[in-house]
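Note that the chains are named A, B, C, D, E and F in the order they appear, and that numbering of residues resets to 1 at the start of each chain.
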Amino acid sequence: MKLAANPFTRAIREKKKQIGLWISLSSNFAAEVVASSGYDWVLVDIEHSPNDFFSVLGQLQVFAATKTTAIVRPDWNDPVQVKRLLDLGAPGLLFPMIQTVEEAEKAVASTRYPPRAIRGVSGGTRATKFGRVTDYVDRVEDETTVILQLETAAAVGRAEEIAAVDGVSGIFFGPADIAADLGKVGKPMDPEVWGIIKPAAKKLIEMGVPVGTLVLDPKFAAELLNDGFTFVACGVDTSLLANAADDLLAQVQGELS
Amino acid sequence: MKLAANPFTRAIREKKKQIGLWISLSSNFAAEVVASSGYDWVLVDIEHSPNDFFSVLGQLQVFAATKTTAIVRPDWNDPVQVKRLLDLGAPGLLFPMIQTVEEAEKAVASTRYPPRAIRGVSGGTRATKFGRVTDYVDRVEDETTVILQLETAAAVGRAEEIAAVDGVSGIFFGPADIAADLGKVGKPMDPEVWGIIKPAAKKLIEMGVPVGTLVLDPKFAAELLNDGFTFVACGVDTSLLANAADDLLAQVQGELS
Amino acid sequence: MKLAANPFTRAIREKKKQIGLWISLSSNFAAEVVASSGYDWVLVDIEHSPNDFFSVLGQLQVFAATKTTAIVRPDWNDPVQVKRLLDLGAPGLLFPMIQTVEEAEKAVASTRYPPRAIRGVSGGTRATKFGRVTDYVDRVEDETTVILQLETAAAVGRAEEIAAVDGVSGIFFGPADIAADLGKVGKPMDPEVWGIIKPAAKKLIEMGVPVGTLVLDPKFAAELLNDGFTFVACGVDTSLLANAADDLLAQVQGELS
Amino acid sequence: MKLAANPFTRAIREKKKQIGLWISLSSNFAAEVVASSGYDWVLVDIEHSPNDFFSVLGQLQVFAATKTTAIVRPDWNDPVQVKRLLDLGAPGLLFPMIQTVEEAEKAVASTRYPPRAIRGVSGGTRATKFGRVTDYVDRVEDETTVILQLETAAAVGRAEEIAAVDGVSGIFFGPADIAADLGKVGKPMDPEVWGIIKPAAKKLIEMGVPVGTLVLDPKFAAELLNDGFTFVACGVDTSLLANAADDLLAQVQGELS
Amino acid sequence: MKLAANPFTRAIREKKKQIGLWISLSSNFAAEVVASSGYDWVLVDIEHSPNDFFSVLGQLQVFAATKTTAIVRPDWNDPVQVKRLLDLGAPGLLFPMIQTVEEAEKAVASTRYPPRAIRGVSGGTRATKFGRVTDYVDRVEDETTVILQLETAAAVGRAEEIAAVDGVSGIFFGPADIAADLGKVGKPMDPEVWGIIKPAAKKLIEMGVPVGTLVLDPKFAAELLNDGFTFVACGVDTSLLANAADDLLAQVQGELS
Amino acid sequence: MKLAANPFTRAIREKKKQIGLWISLSSNFAAEVVASSGYDWVLVDIEHSPNDFFSVLGQLQVFAATKTTAIVRPDWNDPVQVKRLLDLGAPGLLFPMIQTVEEAEKAVASTRYPPRAIRGVSGGTRATKFGRVTDYVDRVEDETTVILQLETAAAVGRAEEIAAVDGVSGIFFGPADIAADLGKVGKPMDPEVWGIIKPAAKKLIEMGVPVGTLVLDPKFAAELLNDGFTFVACGVDTSLLANAADDLLAQVQGELS
């Protein structure tokens, strides 16, 4: 049995536009509700949700039946957690809050085996289909998506060096935290935020680095993709549900006599 | 400690319009996403979902902190399941597929204690706050909402007799199953369906019986409420999420160059 | 590997006093908190709790490490549920709401294999330690405790016939439901309740039938045991916890200046 | 979006040999361990396991990513449970303990919509990919595998009539229960058991009815398939694990000096 | 929608006596058993229990329906865990094992947003009712209770400096660990333990710092509150249940003839 | 109540051969399938599995009813996680990736109370049977198995010093990670790997240190035990199940005509 190809890793390498969705509902059932939408990728978030390894496992199983690639965000740049997520067969990882080249190198190292790096070894995991995947150690590093998230002005200032770290698949800009860092917590759409993200992204795109982000306005998401961003998430499941429920109630209330 | 009043039971008794939402995601986390919308009532569905007693419990706990009344639908007119749902503190029940007066009486009986009826007794349940509610046996029957669901043409034809059964709080028309019964499975909005629901509902409304249903079009939901329906659910959480995710993707795709 | 002996079945056969505890918290962790107390038996209740097969399994595993026998109460005299509980290795069962000889026979039949009776066969269950217990089919009927619960005046009136059904290990009187049946719902200690339980119990004891019940007053529990009852539960975990928490708060409040 | 084809339903219709595995570990993680083996079908068992709707859901999600068809066995011929399993997207069902033509008709009816039959309607379930499958009501009956399990000598005696019920996809012989019915509980390989199964199977095969069973000896499984049985399960996950663990320990112990 | 006020934060600011209970049973069902007792606060403990984010979520949902404030104890002074607990809507936190001013500052920083501090930003969490709370970033720091736990003699010796760190709501003395530090593990009531806690507490009280602890003797709990402690927990749910079960059994055994 | 003796700690102290099994299925039900095999010890693995505290708890409860000692492997040498595992009553711990004497000392320290070391104190945990074990603090350090895992050539080079750290019960060699460290990831049976493990093990054995490892070949496992290794695991539950399922299918396929 061969390791399954990761279509998202290939797509962003080839700069094909990839539309994504944030998944925070932390349930394999709720994940399947959006799994049929046909997004190119989803972000199964641990950082700001109650998710644990069992719930992530259930969600990975859901997306394994689709063409959507599930990228998992650990709650920190934590090699122990990354080891376990890779063993669970996570096709890719989004590392939060990478601030320096050293942190970038640590992130990549947690996804590579010794002697070059530090990932712990287990042969009998879901990632290897419990020992059946014969080319796993040869191909896993090439298939696994490693995306680093820049979330402060200082990190954005080091975007080029960080992107140049060997093994990085792409760079993600985190508007909510960059806004906070600029003293504008709660205002991720503030022009100042995008005033630092856009030029940094432009340089990376020119360097050939796949660049991504999360925004909640579909027009703006498309605009960024049209402008050279490669992977852009355009919504969050919890917000979609909350807004849909609120809007529906308002619609009915608005029609009552 | 006194038994909490059930605002929904009182509201429908007084014919105040009550807007509802169907909850099928079967998760206390997902339930809380819609719990803040402020619907008058929700239907926590067991019949067409993976819900079990633990997941229903978690959702009842969520709605206990809101002004929204959680009505639970068992998967059948099953006194054993009803006994357990009442012990868990379900404020009300929607009984599926009531076809006859006898079935209606059985439904009500499962919510009343002996010697008049058949509900099993336990003093130390969540419903009694584990023994602390001192007026429970005196007031629970009056507070608990008992709604019967008519889902075939034959049942609709017996709506008045069924509604007249002592202890029935309201009558719910199930368009999806009525459509199937009429040979139009999958077409709950077919005129023939509403051609039998509307006159039956009208008669009940004239009799003073609170009447409800589930429709997915907010305008139609409001129209029914304006026409005398008392409790109308206007959406389902899974559909809201599925549609919102699909629509968002289509919007972004539509803007791509 | 041999089937483990069930000490409770033997003890009640020999009329050794067995003190019990009701377990409704529906958690393997909470069960272990009381498992070390050293009760002779516990009743893992499904009827008035959110328990399911997984949670019952976890609790059976807890008590398997102790000398306490876990008796499980299904939510009804339901052979399908009983089949699954026996497959999970439940050492004994308490059948609720047995009203007639026929119902008693149905209860026993659900615990016996064909051709005499109706229990479905599976060789690879927890009950057989996944196929390792070689004498299972020979000994399980003798080891399994089958207790029938009488919960109405009519049922109590048939106590002797019901107790005489072959395969019945003991008879349990349910004061809460008997009280309801007598029009005294919520008053299980009403003299009228015990006015019918006590003479019926006396006759059974004289016949050599092990008799049990649940009461919440330890003095009364002991009195019943001293008077010939064989297995008496004297408390419920939820009530113990609720009362202890309430009392503790009251004590502190009472000392505040 | 179209309803996914069920390869198993087609394969048995065309009498292609289908090798199966029984799944009782009741865990989406354990299911995935065997999901990569490549069996044609698995039986996710509820009848003799702790499985519930959530655990079945997780297992259905696992097999949705494979070419293996997951057939679910409810714990009884229970239309309410069947309705919920079909809503969860179970590709097929194995109905236990079918004794008569009437029970066979009831089983089939629970999988067909009104007005012909009794399946309750919900448009927003996993089965329809939450409303996205547009041809669901047209094709689901044709895709869903409906297998009936004969488990007594009497039922086997009525095999031809039962198999002739419209909507039956195949007939399954249950050796363990037939053995019990013959007074040989625990001896499913007794010649008397196969002395009644084989001729009955032969007649059905001649009639063109797909026939299946579960045996634990791989040679015998192959022999049955070679003799015209269409779908034969040859093992149970719990037994495979128990035996492998026992054998391994014995091997090491046998080598100790 | 506005952020809910945290009554406990306000109460301890105003030095109103607050009686608490430790919750270790790690279950939303067990939590509800004590939730109706009416304690001013509870401590949902992660440090010495199996709790995870899902179980803490369920318990937070329970207490959201009561007047009791749920304070959560992470298993360490871990900003990543704290970020996730705040996103789940924990009204307050008890930080274990704070030894220095630097650790105190780190604890507070994990609860404050950049640019002043380090809390990661997410707009769509339970804490903000999934985006609905409009004043969240403005008010959350003022509402959130930040209590630091001193658990060694050295830490107690630095109580005043630690309490003076900006953002600290109160100081908690941990007798069990202080006892261990003094070489008296298992003896939290040793006079030497209280010989260092009491004078340190007195100074803090004089400085106006709210002071708290956990003791298991209700008289002593009240005495501390009367002496100026503001928030004192007087019991642990597991111990209440264990003791109640043990005592009950002993009572019945003591009455047996 | 006294602390239960840990037979495995005693057995390895006395150099009695102990055969083990790796448990990664992360389920209390699956654990019980192998619990009856009668291994001397099992390793409940957190490092390369989805296990969490609840699932570990369930598995510890299973093995508490057997003679098999459950050793738990945390996902890292993490004193916070170790504190919680010990509170859950883990009889022993296997610490991954110990590289230096300092790391070995840190591992041991996380299992010992102050003032000598750093384990946090809680009196009411499962480990103490919720306060009932009276000799816990006196005996727990002597009963708890502390095994350190050497997983790089450098660590193996320091085996003697690491083994000499006070409180270490035994040394475990991790072939999979040692292989990776030697540039042979995926080849744990490479002669070079055993070329460094065997001499290091020999020296430790001569020093009187109990030595263990995990190999998947039962003959080799026995050989190591015969050569002086004290505790050797010879299989992994996931691999046993995967291989058994694969082999069975191949056997049936091989017999098809």
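Note that in this section a contact is a pair of C-beta atoms (placed from the backbone, for glycine too) under 8 Å apart; a residue touches a chain by one contact, two chains touch by 3 or more.
Composition by chain, UniProt nomenclature: A, B, C, D, E, F = HpcH/HpaI aldolase/citrate lyase family protein.
This is a predicted model, so every value here is computed, not measured.
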Joint neighbours of chain C and chain B, given as chain labels: D, E
Fewest touching-chain hops separating chain C from chain F: 1
Fraction-based call for chain D against chain A, same above half, different below: same
Between C-E and B-D, the pair joined by more C-beta contacts: C-E
Interface copy of B-C among E-F, C-F or A-B, judged by whether over half of the contact pairs recur: E-F
Per Cα centroids, the chain farthest from chain C: A
Chain A-chain C separation of Cα centroids, rounded to whole Å: 52
Centroid distance [mean C-alpha coordinates] between chain D and chain C, Å: 35
Rounded Å distance, chain D centre to chain F centre (Cα mean): 39
Chain D residues counted as touching two or more neighbouring chains: 26, 29, 33, 36, 50, 52, 54, 57, 129-130, 132, 238, 241-243, 246
Graph class of chain-chain contacts, one of line, ring, star, complete, other: other
Every chain pair in contact, whichever chains are involved: A-B, A-D, A-E, A-F, B-C, B-D, B-E, C-D, C-E, C-F, D-F, E-F
Residues on chain B engaged by chain E in the complex (per definition of touch): 1, 28-29, 32-33, 36, 54, 57-58, 61-62, 64-65, 126, 129-130, 132
Parts of chain B lying in touch with chain C, wherever the complex brings them together: 52-54, 56-57, 80, 83-84, 87-88, 113-115, 120-125, 129-132, 136-137
Chain B partner contacts - residues on chain A that touch it in the complex: 17, 19, 21, 25-27, 29-30, 33-34, 36-39, 50, 218-219, 221-223, 225-226, 232, 234-235, 237-238, 240-246, 248-249, 251-257
Chain E-facing residues of chain A, complex: 24, 26, 47-52, 55, 75-76, 78, 96-97, 151-152, 176-177, 179-183, 185-186, 188, 236, 238-239, 241-243, 246
